[in-house]
């Protein structure tokens, strides 16, 4: 499946051409949603934006649309913090703190948290679980914990990202529900620290500013079972990346995770800022001739107009189209 | 990846040898569970049984342990009835009747059924959803519906299976919870017929008697996106089989579905009789040299000693071992 | 507080005059509701009807409005069947089957039934509890049980009432939710018999046809702690009537029980047919001069136009007015 | 029912003698519970204590046991703060903030708070409702609000009580669940102020130190519909006291409120410090000859050993005995 240089270039041009036309086509669906309004700073995004980057293991990169706009990770950070905490503590230790079962509830539900006696969150992709995981990041103080996470992330995306302090401040001031969840976790013995400290970590991790390119690279490294193809180094354990991809598939797209698994069928994680991280493992059939992504790829999407459950409206449709065209499903 | 005749035979012998030793090893774990007792007829199974069959696309078949014991499909039938109803009505019509979202609840919960206003079941792998689906099988009378299902199934497994009437009778007499669910569905307008009729269909489908070989063949055809490799015929639509595999992955192993996805990572469906149907799609990496299952396979397991959530204790461990040894994960 | 004959007559005329004007006034509020539609036979009632009878311990009876229309007991029968079963089995035995705690849920909820592990219904005024109680009525067959209840009731109202078979038939055919509840109780071991048998009893008890006069007499005897003032006989134990009145106060008016206790403040039980049974115990203060109901009374109301929670719209307002005018509150 | 001076004295001696023997008898039941441990300062109470004071409208006061030990109001303060906020804002305004429906849930549940869309607490006797009410106390700052409450309370008990700052501090540091509730209320728009401010008010009101005598006087004034018999002044509206008594009856004894209504049958409110406030309205029957409490009374009990749901073990039994002996039930 080795690509010849010239063939690569030609096909890359064709693939990028296709991608641009698909982005143009799905951009009209940005009208079906709206930017997240509960965090004031997010409401300022341009709802008509839609951008994408795809990166393959040989470095082939194609992009289309508004792929250069920076945005905050929001819930996508839940994947990274879970990886970081697991790498530090080991998976079995982390499973004492958080379960890995999907739930049919809204991503910020308090109801089910309490019902899952004795208070252990269902999975690290819901807010309760992610707050719990934030408390387990390496380091004693909030700044040590957030630094650990940023360092961990910089190993993946090859640069140290910044925290958007305006977004963080906006989240900090309105995080009533997350504070309710955190105090409830504290009450139940499932918070490793003080509420204010851990919420600071959690809300800062949500406010890490990234680009679609970064998401694509994360997705690629997950696709390659933790192998960084450009630095030629195994940076995450194979077992851990597979758990992460399984969690993304079963719980990654908020309350539409089941539908997304059934009708798209790739591990992905969305955030209310409109980002989507998707990871396409190498496939064994129906390969598209000369497609530089047959041996896996990562996809980063940005489309801040989100639907009722919190996923980028146009982004999900664009991703579904690509997966269908290039037969990227894992099923 | 074409196998030479002799190589195939040699490796087959080695693979089957491995399989036998693994079965012997995991058989001790049958002690960690017990046979389902709520259906009297199931309680008579031999809890120490553990058997397996694996079938590849070229017909290579390896087996080990108690692989010749017949058993009833129970919840595994939910996959087949969903496929059958979707093939008849189309997927979009079926989605009006049943959702495809996973739920963190017990498989026979009434609580969540009611909470998911206005009464639409979460997915076809929970009892409420499966009863609903049974009502949508082609045919007007219960016997027409069950005949439709048996015919549909015979297309997949190349023989018309029988209904174990003793098991059916036993289930019929003790199906209080299923009757509660069915009447609730009826109240909410989500039951396509009369309660007694549809329960007859549902409980008969649960009582269809099969062998591990049949499950393996089902799993193989799902793995090949609906293509029957021996009859060389596309018998199910590609789209439909992918939805089925996604449902199996997100909801197929009862309340341990999330853990199974994270730590095993293949589409599978279990039943309280101790059966497990697993489908291994073709993979694009980490192929085991000369393994006749690199282009996908189906696995059927029987181990009637089940754990608290309803999955075969030894069966799950055996499957996890195989998936790890041969790197069968879809992630 | 003994009434002179002539004074009694004069005041009776005045009181009845007042009552008629109040009924006329509140009759307009029948427009705020509608007749129960889920049982077809109930939908045929005249929604503009409003009638009332009040009976005092000396036999003084005043009436106004449409007080002669027969109607079925519906949920009001829950009080009588609970009394009957407790009289037969003793209170402590009955408490093993059903609790006496109020619940904030809808009267026909399945959600909470299951949550109150291990399946014991919250109280005998919700459907689950009442179905459970129906199974505990004296007698082996459904007809023996319903005969026991009719005999018990005839001791209170001095005549043997009939079952409206048209209403029963209508309920029987549409009782999907009640069947769901009954099968769930059966599953949990909280149904003393077969579902069909006990539902027959329960739905027949709901279909007992009575008049406002009967409800008033029931309320009077409860007010007098089980003493029948006309037959001069203690027909129910004091302890039992007090439990019944407490249950009526905490759970008698469906999901408006708390509001009714706070803003009306007398033990009452309503039914979806529009009936209300109210019991006014003797009071120790703020007595209205020469009111023949100062030593307690019973009130029967009929107003088939019901509100969202199931209470007679005009009936509740009329009752609230009377309680306020004559200071009947127990608080 | 006027008591002659001498008769009063004689009977008072007899009544007090009876009371002492009952206290001695029920004191042994303090062993069935334990002091509240979740607030460290409460755990220091002497679990074998049991004391009671009863006050009648003519000032007759009888007492027995450990009736002089000061203790904090805890949940009993919920009655007072509700009265205070209603007196200031009017009842209808307060009903926009908090409902008056009983709930079958634990007193500190988060589950049901969220389910009662859109977030309005069920009633002012559960923590969520009481936190909400604390925010509605007159005054802008926390200290103004708590001063309003203390002034209001001093009108009832004729002295200005103190806040036990050690208990407050202990509660403040461990109030994780209450903070979770408060942040959730804030999120839903049902908190009138900032979380820290209102929690300070709420936890200070819980920490008001009182004696059984104070509770008895509160209960008496509620029994007399807001009339202060010693200052001969109407200090609370009749309507308001009746709502308060109804709330106490339906929701006052935590999750045993229904059982307490059925088997004791008087308005009462308990706290986890072991206090019980009971209000006995004037009765119209079964009067005990020469009992100075026939025209109503207030009862204050202290017994810090509490049961699983939070009520004083011996206190409830003692109260039940008294209500039965003197036929104090309101039913």
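In this document, chain identifiers A, B, C and D correspond to the written order of the chains, with residue numbering beginning at 1 in each.
One rule holds for everything that comes next: a residue touches a chain if its C-beta (ideal position, glycine included) is under 8 Å from a C-beta of that chain, and two chains touch if they have at least 3 such contacts.
Worth saying up front: this structure is predicted, and the values here are computed from it rather than measured.
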Between the pairs C-D and B-C, the one where more C-beta pairs touch: C-D
Most remote chain, CA-based centroid, reference being chain C: A
Whole-Å separation of chain centres (CA-atom averages), chain A against chain C: 58
Distance between the centres, which are taken as Cα means, of chain C and chain B, whole angstrom: 51
Interchain centroid distance [CA atoms averaged], chain C/chain D, Å: 31
Touching two or more other chains - residue numbers and ranges from chain A: none
Residues of chain A touching chain B in the complex: 99-105, 112, 116, 122-123, 241-243, 245-247, 249-251, 255-259, 261-263, 265, 267, 281-285, 294-296, 329-331
In the complex, chain B residues that touch chain C: 109-111, 113-115, 176-177, 179-184, 186-187, 195
